[in-house]
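Structures incoming, each one as structure tokens.
You will see two complexes here that share chain A, one where it goes with chain B and one where it goes with chain C.
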Partner chain A sequence: MPPEPVRDARELGVIHDIGYRHYDGPRLGRAYIRRSLYADSAKGAYGLGRAARTKVMPMLLFAAMCVPTLVIVVVASVTGGDELPVGYTTYLVQLQVVVAVFVAAQAPVSVSRDLRFGIMPLYFSRPMRPVDYVQARYAALATAVFLLLAAPLTILFAGALLAEMPVGEHLPDYLRALVYAVLLAVVLAGLGLVLAAFTPRRGLGVAAIVAVLLVLSGVQTAAQAIAVEQGADTAAGYTGLVSPFSLVDGVTRELVGTDSPLPAGPPGAVGTLVFTAVTALVVLACYGVLLRRYRRVTGA
Partner chain B sequence: MTTTGTGAAAAPDAPLIATSGLTRRFGAVTAVDDLTVDVAPGVVGLVGANGAGKSTLLKILLGLLPATSGRVSVLGLDVATAGATIRERVGYMPEHDCLPPDVSATEFVVQMARLSGLPKTAARERTADTLRHVGLYEERYRPMGGYSTGMRQRVKLAQALAHDPALVLLDEPTNGLDPAGRDDMLGLIRRIGTDFGISVLVTSHLLGELERVCDSVIVIDGGRLLRSSSTADVTAASSVVVVEVDARENEVAARLRQAGLDVHLVGRLLEVGLRGDATYDLVRDGADDLGVGLVRMERRRHRMAELFTRTADEGGGPGAA
Partner chain C sequence: MNATVARLTARSLLGRRRALLLLLLPAVLLALSGVARALAGTEEDLAVGLLGGFALGTLVPLLGLIAGTGAIGPEIDDGSIVYVLAKPLDRHSIVVTKLLVAVAVVTALGAVPTFAAGVLLTGTAGTLAVAFGLAAAVAGIAYCALFVLLAVVTRNAVVVGLLYALVWETLIGQFVPGAQALSIQQWALAIADEVVGSRAGQLGVTSAVGLPAGVVLLLAVTLGATWYAGRRLRTIRLTSEV
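Moving on, here comes the complex of A and B:
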């Protein structure tokens, strides 16, 4: 009879309690901690490493950005010619609603989630400081938005090359559009995070960001149309300051020569300077507001 | 008053936590008031009613809140100047919920270990170990949104231990747990101090809990120190012998009084004032003479709850030891 229980024990498996082991390895500094938070939240913006349903929204929007480019590329390769039916930057400006919704959906995921579920005390009871948190979250969301913008541009460019369009013409346009994508990502991420950081309720954050981005964009389009109609060219140019999409468009069409669907850009050198200064100010202001906000959270 | 305990922490002779004249005000409210206390390594209880300043004190120790005045050191390091080093070696379990529902316990604790500075592989190994130690098994791969309160408390504890700190600060870890979960958690806290060799500062408003697991206890009220002493001191044997007989306790009491002893009848129990070893003989002989069975005879131990009554009648209450 003795063999019986022995075999049973083997079938069940044996858990060896090896007791508590101390950790003697390296403890890496704030730069590593910042990188870890950055990587986690950049992935989190696409729902990677999170529950399945958090992947749905970002992936749908990513598809919404990319699918039309596939159609464009197929059409262009069938009809032939040296040009794509739509300019690189123009494509991004035209799909700004999708971009706005992505920022609105994912900025709250990045910061409102931490506030809502009370995770901030866990972060700040570790070596991390508010400045690390803000930098990591900001850089991560900007990266996520940049990927959303760069993916369709890359498909368009790859399609142009496959259709044997001249590389010499398309490569510069593609790179210029990437500059637009970088700038726009930084501006939108800043605005999105500021709005989200003050709304712990995720739904409110989403609504606030969509509203602000789309209302500004609508106001800008309408104001510019009216100004153009009345022949007020300078005023038409300056209406671009109102919306982040046209603001960054104004900067890059003048400084790097991106194509643009907007009827008017910054008027002259002064206009370019104003647009550039406003863009820089918006980014710095967003960063500053976020820092202030999280310095306060620490003390709460 | 300094007390000694079991757990090993930083420098063996440095106090785990030392404060002097520590004060923290929020506007007109003084949350911590001129607190001076030295705490030796081990499992330390921080007791006080709600609003006594426990959570504020923990936040000051972590460097999350600056002190209005006074000095604090943790693990021999000054909180004001070495906050980052302290936070690297200290774990913190907040009182309130702090778990996002959309990730699994494993993913969450790995991330928290990395945010404490552990490289990726080490973070994974430590997470697996720590979750096993706190008693979370298969469920650790499921999103935390579906966890019970007991499981959530375990994850909160795991993230505080993941980076192998020298000290963990646990803010009301038994909050919201049922009696069985409470026992598990208290057992775990005791093991952290003894088996893991990690010092623990644990807050509670329930004295009975801390009595069971702590080497020493600090009592604060209104932000001020009421008492700091070792559990052994607090719960030391008192000068009362409790006697239980199986019948006729009134007659036994009367007989012992005749013999010159101080006897109180409490329910069916006799509380007899101890006057040397002869007292035990008198009780035994008295029971024998009356022919009743002696069920139990033991020295009563002080209970921590008496701390409050004792401090309340400061200046020589009857219970003062």
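Moving on, here comes the complex of A and C:
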């Protein structure tokens, strides 16, 4: 029996030749594995393709995000006028607790179990590399969080159109809020996955993520309130750096002009630059930390 | 009460990462209070906002959640609870022991720092600090009892607990006032309200429920949850679940 050519085996796919039938068909390779893992984890974040029990929590949170918008839309269409009672981005910031709980509940589903049950070597015995795993998981969770944020926005927008509010005013607002949703999803997914990747124990990761997100948000609110009361406008603006929700809010309100419920945004052009730089740094740092984390798992 | 169970629980609760998380919360509260005091001086409105919103509204529920579910959840999860259950111990006493350890942790890391933050923010160990310290202690006990029960009943105790403590009590309570009648936070606030006395309304230390209702509900939830957790532990199923 001639040995398998080992030249591209790692790149294309591993089929162990144990002496039965040969396989000469197409090999789907790393890109295919990455796509599969991405699709599987994005669906898994909503429990799709998994047991009914796992669908309950994400669907409940999804409903918690969407149901209030239905009420808002109905009220707005009855009372009439050109404006929704709540701004698009403002709505997301007000429901940040639900978003935080979703990230906290689903980030550990994505990565903690693989670590807890020690099956990372199984992933990496395939052509997949740590980079692929991190990219697929990260992109999938970001997609899932984005859908959670975009769904209520879309309902609000559709409701505004059905209530015959001016499209010219609502379409730009809706698109701006979607930019906020994209950025927030990427930042939150990064933070959630980093924390989850270091807390394999069931429950602990959930608590850690939600504690960090809510404490940051609480600190930000309190610090900003103090600074506004003291008349320190610049300081009040920079307190937005503390929480991911206000950080991304600061970026989008200055760069694309989203509505914002916060009393102070980044002060001036320098502030905008700082907020944007910090956002980019957070995302890159999360990605880097995840890569490092999984380099070590392969070594072990 | 059983000393060995208590020791084991304390050790697992104060394991490295969990302890880090548990310590982070009071540290943030005290740091925030220190900064607020340095910048804004002793302002009672600010103190009520921080103690009510951050300490009682976020810190104590989270501590109760981490300590309450952490006291028994991991053991059920990895199956090592059988070694405790196989001993000739009353299941109720196991639950009570674990609950007491969790309550001790939440009191030390939640109620005491809340009191300290109150002293820091108001400048004196006056009624505000005492009121919120007491409310935090009482709420901590009720949260622990509830979350120990959740950990016995479901594998997703932390997420379910979060939904209750944050989404129900905080978010839905904001928009639907009726939801506040079923909120440990509000019941504890009723006690703070009573301690502060006649100035409570002016300071904004008000609760959605009266004192008798609050105390009765707190007692009912704490005792009921503890008893039912013990009962559920008698017939617990140890199936592994993914």
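By our rule, the second predicted complex is superposed on the first by the 276 of 300 C-alpha atoms of A that agree within 3 Å, B and C clash if a C-alpha of one lies under 4 Å from a C-alpha of the other, contacts with A are read in each partner's own complex, and residues count from 1 in each chain.
The working rule: a residue touches a chain if its C-beta (ideal position, glycine included) is under 8 Å from a C-beta of that chain, and two chains touch if they have at least 3 such contacts.
Values in this document were obtained by computation on a predicted structure and should not be read as measured data.
In the superposition on chain A, A:R113 contacts both chain B and chain C.
By the touch criterion defined above, A:Y23 reaches chain B but does not reach chain C. When both complexes are overlaid on chain A, the residue A:C66 reaches neither chain B nor chain C.
Within the superposed three-chain model, A:L175 lies out of touch with both chain B and chain C [touch as defined at top]. In the superposed pair of complexes, A:M128 makes contact with chain B only, with no contact to chain C. Chain A uses residues 113 to touch chain B in one structure and chain C in the other. Of all the residues in chain C, the ones that touch chain A in their complex are 17-18, 21, 24-25, 28, 32, 35-36, 39-40, 46, 49-50, 53-54, 58, 62, 65-66, 69-70, 73-74, 77, 155-159, 162-163, 166-167, 170-171, 175, 242. Within the complex, the chain A residues that touch chain C are 57, 60, 64, 68, 95, 97-98, 100-101, 104-105, 113, 198-199, 201-204, 206-208, 210-211, 214-215, 218-219, 221-223, 225-227, 229-230. By the touch criterion given at the top, residues 62, 64-65, 84, 87-88, 90-92, 94, 96-103, 107, 111-112, 114-119, 122, 126, 129, 133, 143, 145, 159, 163-164, 195-197 of chain B touch chain A in their complex.
Within the complex formed with chain B, the chain A residues making contact are 19-23, 25-30, 32-33, 36-37, 40, 49-51, 54, 113-114, 117-119, 121-129, 298-299.
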